[in-house]
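The structures come next, written out as structure tokens.
Both complexes shown next keep chain A, but they swap its partner, so chain B is in the first and chain C is in the second.
Coming up: the complex of A and B.
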């Protein structure tokens, strides 16, 4: 019969006394929670143990005796054996250690020979549960002035910090303030005028508005009145708070850089020439396309039409930019102020501004893609007509079909026309798709970094670095003493989580931005001419 | 039941019962026993047709005729390209031919189906209007289609398309236009027509192509049904016309065409008839069952 005893490390050096703890039923195990020192009165000990049992709901009892004989304390052995008669137990543990040796000697006195059942896997869980629920036992200390003095794993002091205590005191009025502000903000957002369809659609597309709503959600979680229900909730709240603080700190850093040395005026002065430069480059590109680009065979008439159409758009755009140029500095100044809400906010504002500034590229891409898509669709349908087949919509397959003479005639003419105009359209489509992809890539990088700042669990990582025992994955045992004749002495240590598991488990769920299609699907969409919106935004998960 | 002594393959006298070709009964023969009635149900060359040479030549004349049609079309194109034929004259001729052909077509049809004549005439007029307006409207676009494509590519594409037209032409019933053949011919004519100097040339060429590839087979179908002897004469006439027309432009082409016609109409039927005696089809009870729907059961 193997007896497992869980013994707190602090009690290794405790004075001799009685062991108080709990037998875990069904296993041959005991958890020692505290050592009550001499001198004591047995009646008081029994009373105290019963009190604590009632308060904590855990079945505590006196397990046995612990002896660490110091100088001048001989004759303990007989005293200890007599103790077993005072406390009627089924089993009585006697653990004994000599100063200078690491090994324990352990004896068990069994009153009756009851059979023990098999051990099962929940031993460690029950052990930890016992320790966690026996809170009231740890309020008493050996430095107390009461009739009983005990040593337990919290006797060397509990971990606390003044800052945390101060924050806890200050958090209550702060939470009230934040929830009041949030209610005003929600009331403003729910005004009817903002629920009109165009505004609503626009606000779902602009990433700034999405970020705003996201941060509002977070604030609401943080400032809720009831405390965190479980470990996950607590970690999530803590992560949100720390991320938010880091975000605001980075934003403040950005502001301090922007508003110093007149950087804003510099930015505004480079913006309009940059837009002009982009437009000029596009102009040159179109002129090149209207010629014979790369020696490809373009249909001259269609080429001219398309090129002139896009050139006209560019001129419109340039005049619009020039119209806006006096206001740009003001816009930048006020926009930069928004970084005080966080770096993520500034980044999403930047992404929106890039989207607005490259709106003409988006328009060109849509025109080119639609034209190309129409052409591909027409060509595929007419190719079926060429072979004398037809698409059966009901059966979703290609069937043979007997066409009339005029259908065949007109179909063939159109097929020829579309086929010979294909290279021209395809080239324009290719050029504008590439431009659009560059812009989308840039926006994607911005969104990914915003997402990263939002979802990275800084608090959990910090906790893992500085207090690794709070995030445990399991326990590991190390052999301390394996001498024959003494009990096997193992040291149990908490096995902390790996960093990757920490990040994965405690990530804040965000409206994470990840590619919607696999590479194959994306290429196929590009080939056919479907409009691509490669980044998908998940809706915020509500729990 | 009489008892027959059956000899097995090893010349030993077999048992008294005859062997039956059944699987569900245990018989006193070994599994690989072969009866003397082996392969009794084999039938050789069952549905074979006996071809007669001149009949096949007459049918093959139709193929030659189509080949000559294509040659005539190419001749007209060559004339237009060299400026020897003006588009107005071609248009006028095509119009006249179309009217004549339409009249002939109606004359041959009215023997069988009469009634609703006005409706079909209107429908035909509508089709004709659609053709002409569409072609006229598209001819400037069609003219510039192959501007940037090199001449060799255009010739190669047209040749391939015309070959496809000849191969996939529905020789059995040319009245219902085969999609692939008509489309290939029209594609080739668009490619060739876009090489001509003006938009009117393109329009004239396309109208001519429509006439030759879309309307002419309908007329031929009617002729074949109603006046077979005249049909044969017409085929011969078209062949001669094709060779002659091509000869006026390039003698080498004419020689090639004549050779092709000769081999298609005279040589290939000879080969077909001669090779018939090497035919060896076997049919037997191992063939897949074919269901011949006989609905006469339901009519009684």
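Coming up: the complex of A and C.
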């Protein structure tokens, strides 16, 4: 087996001394964690290594000697070679480098014959685990004034940031404040009066209330007193925090645009005429349908009934809008304030307002769809009667059946009536379904953008751009030098995750709204006349 | 360093470069055929002719500027994400295998597979549209189950060299894999 030694780059220029690290069993490899410099007392080194070993739980040992001879340090080689007798090891490494050359020369003194044991974990995994758990070894940096001097990857000082430390100090009282506010809010929400049936059903349908509960959950995660348990939890908390801050910033931007230059009054002034215009268009549409639309000849009586019914609805709705028109500006003003909680709130409020304003289109769609659905079912059942068959509910299949003469007579009569009334109903159904689909599409776009803002892992993407070594997919090797007398020298670097993997792995799970049915199922439902609710909301995953 | 005249499955010329860094470490680089200038000119001319015809009918200069922008953007995206310049395979005995492809813009994607996960390197056959081609692939195994093949990683996917090139790489790799 080939001997593999993992050597930290920081020790490339370190002074001569002893190598401290760990032998990884089963792979014939060693990880060098630090170099303890000459001069040292071997007894102190042994004690120190034992101490650190016990504290970290990793079996550290003195691996061998490292020599980088500078001027005035001859005789080092023999001294370091003699050290192998002081530290009784199975294998003793001697790594040597000349200044000016990149290659190392490496010799191994094998005392006992080592037996190859079976490796049950990957080499690189074990190596990184060793480095991660040997934290106590890296506490001694070069500014310490102890008997031993060492060089390791943190000997220049540990990487830290003042801002992060300040935030850590400030976060404790902030978390307490937020959790207190949240407890008050949950108490308000749990008051009995809000648990009555209609309010509860309404709050589950309105997307604003859903957003509120969702954001409360997030705040609860953020303000919990325990620190994050693992990497995933930490990334999730950080992503939630950053998304929330960006959300609020975008909301503030929207507010600054909305409340400037009297934009609200402008919006309110265009809203009522717009609603009037929509109602007028619908009016004209119905008049057209009641005439001879596209040259088709409708059944006059049914046409008039349906048309007048829908026209009356529109008249009711327009009077309602005119009743509300003095209050619209006030509603918009206070509604716009909700954007200070985040852009997602403003968008959900907009989606709810659109749903309320186009409620009449929804009603028309339901009426048209129900009529059409009844007609289709009646037709299919009477068609079966026409052919002498019947639907067997018990067996869920079509069976032949012998009908009496009067059953056949009435059935055929009804069948013909329904069949000739079909074009009229179908046309009304088609028109109102198209209108409903337009509204659903618009609401879907709003919900998708809310979803996107909520679930996109901004912190993870930022980390990937600015500190790519913290999100690693693996390692990559590069051949550094191949001088013939020396060992093969490779440079190992962290291979960061791809952006697509980052987004996929660290997405915050949301009540994502996605199409419930495939296209085929949707078309079938439209054809038969079943009511469609194309966007489905998943329940929030609780972990 | 060796450079013979190899071709890929479509007949275009590619080159293979074998470097032996040490007894246990070898690197194979297969360079794909370069983009021909003629093809680029043909595409650009087509797009711009189309833009001019649309401009002739609509008299809107935004059409022309958007055509230029689209061409530039398309070319940049193509050389950054699609066009592979060369693919390399670095075999380090008893450590692992590293597969990397570098794109025309200089971007490199690398993947390293540890030796304990590798079962073998083989030449496999595949049905690719209307032909049957040979490709070199790495068979991976789960370290706990040394007999089952858990997945297959195909190598040199963009350059698709022919069998003579693959055999050369295969023989070299097997020498190293058998030593440890």
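For this structure, a couple of remarks:
Note that in this section the second predicted complex is superposed on the first by the 537 of 543 C-alpha atoms of A that agree within 3 Å, B and C clash if a C-alpha of one lies under 4 Å from a C-alpha of the other, contacts with A are read in each partner's own complex, and residues count from 1 in each chain.
Throughout what follows, contacts are C-beta pairs under 8 Å (C-beta built on N, C-alpha and C of every residue); 3 or more make two chains touch, one makes a residue touch a chain.
The structure displayed is predicted, hence computed values, not measured ones.
Superposition note: with chain A as the common reference, chain B and chain C can be accommodated side by side. Vertex at chain A: the C-alpha centres of chain B and chain C lie 90° apart in angle, rounded to steps of 10. Residue contacts after overlaying the shared chain place A:479 against chain C, while chain B stays out of touching range. Once the two complexes are overlaid on the shared chain, A:179 sits clear of chain B and of chain C alike. In the superposed model, A:56 lies in contact with neither chain B nor chain C.
When the two complexes are overlaid on their common chain A, residue A:298 makes contact with chain B while staying clear of chain C.
When the shared chain is aligned, chain B comes close enough to touch A:417, but chain C does not.
Of the two partner chains, chain B is the only one that A:409 touches; chain C does not reach it. The minimum CA-CA separation between chain B and chain C in the overlaid arrangement is 46 Å, rounded to the whole angstrom. Common to the chain B and chain C interfaces on chain A is no residue. Those residues of chain A that touch chain B in the shared complex are 297-301, 385-388, 402-403, 405-406, 408-413, 415-417, 420-421. Interface residues of chain A, counted against chain C in their complex, comprise 1-2, 4, 27-28, 119-124, 474-477, 479, 482, 488, 490, 495, 498. In the complex of the two chains, the chain C residues touching chain A come out as 21-22, 24-25, 27, 90, 92-95, 98, 100, 109-112, 114-117, 143-144, 180. Listing the residues of chain B that touch chain A in their complex gives 127, 130-131, 134-135, 138, 141-142, 144-149, 176-180, 182-184, 186-187, 190-191, 210, 214.
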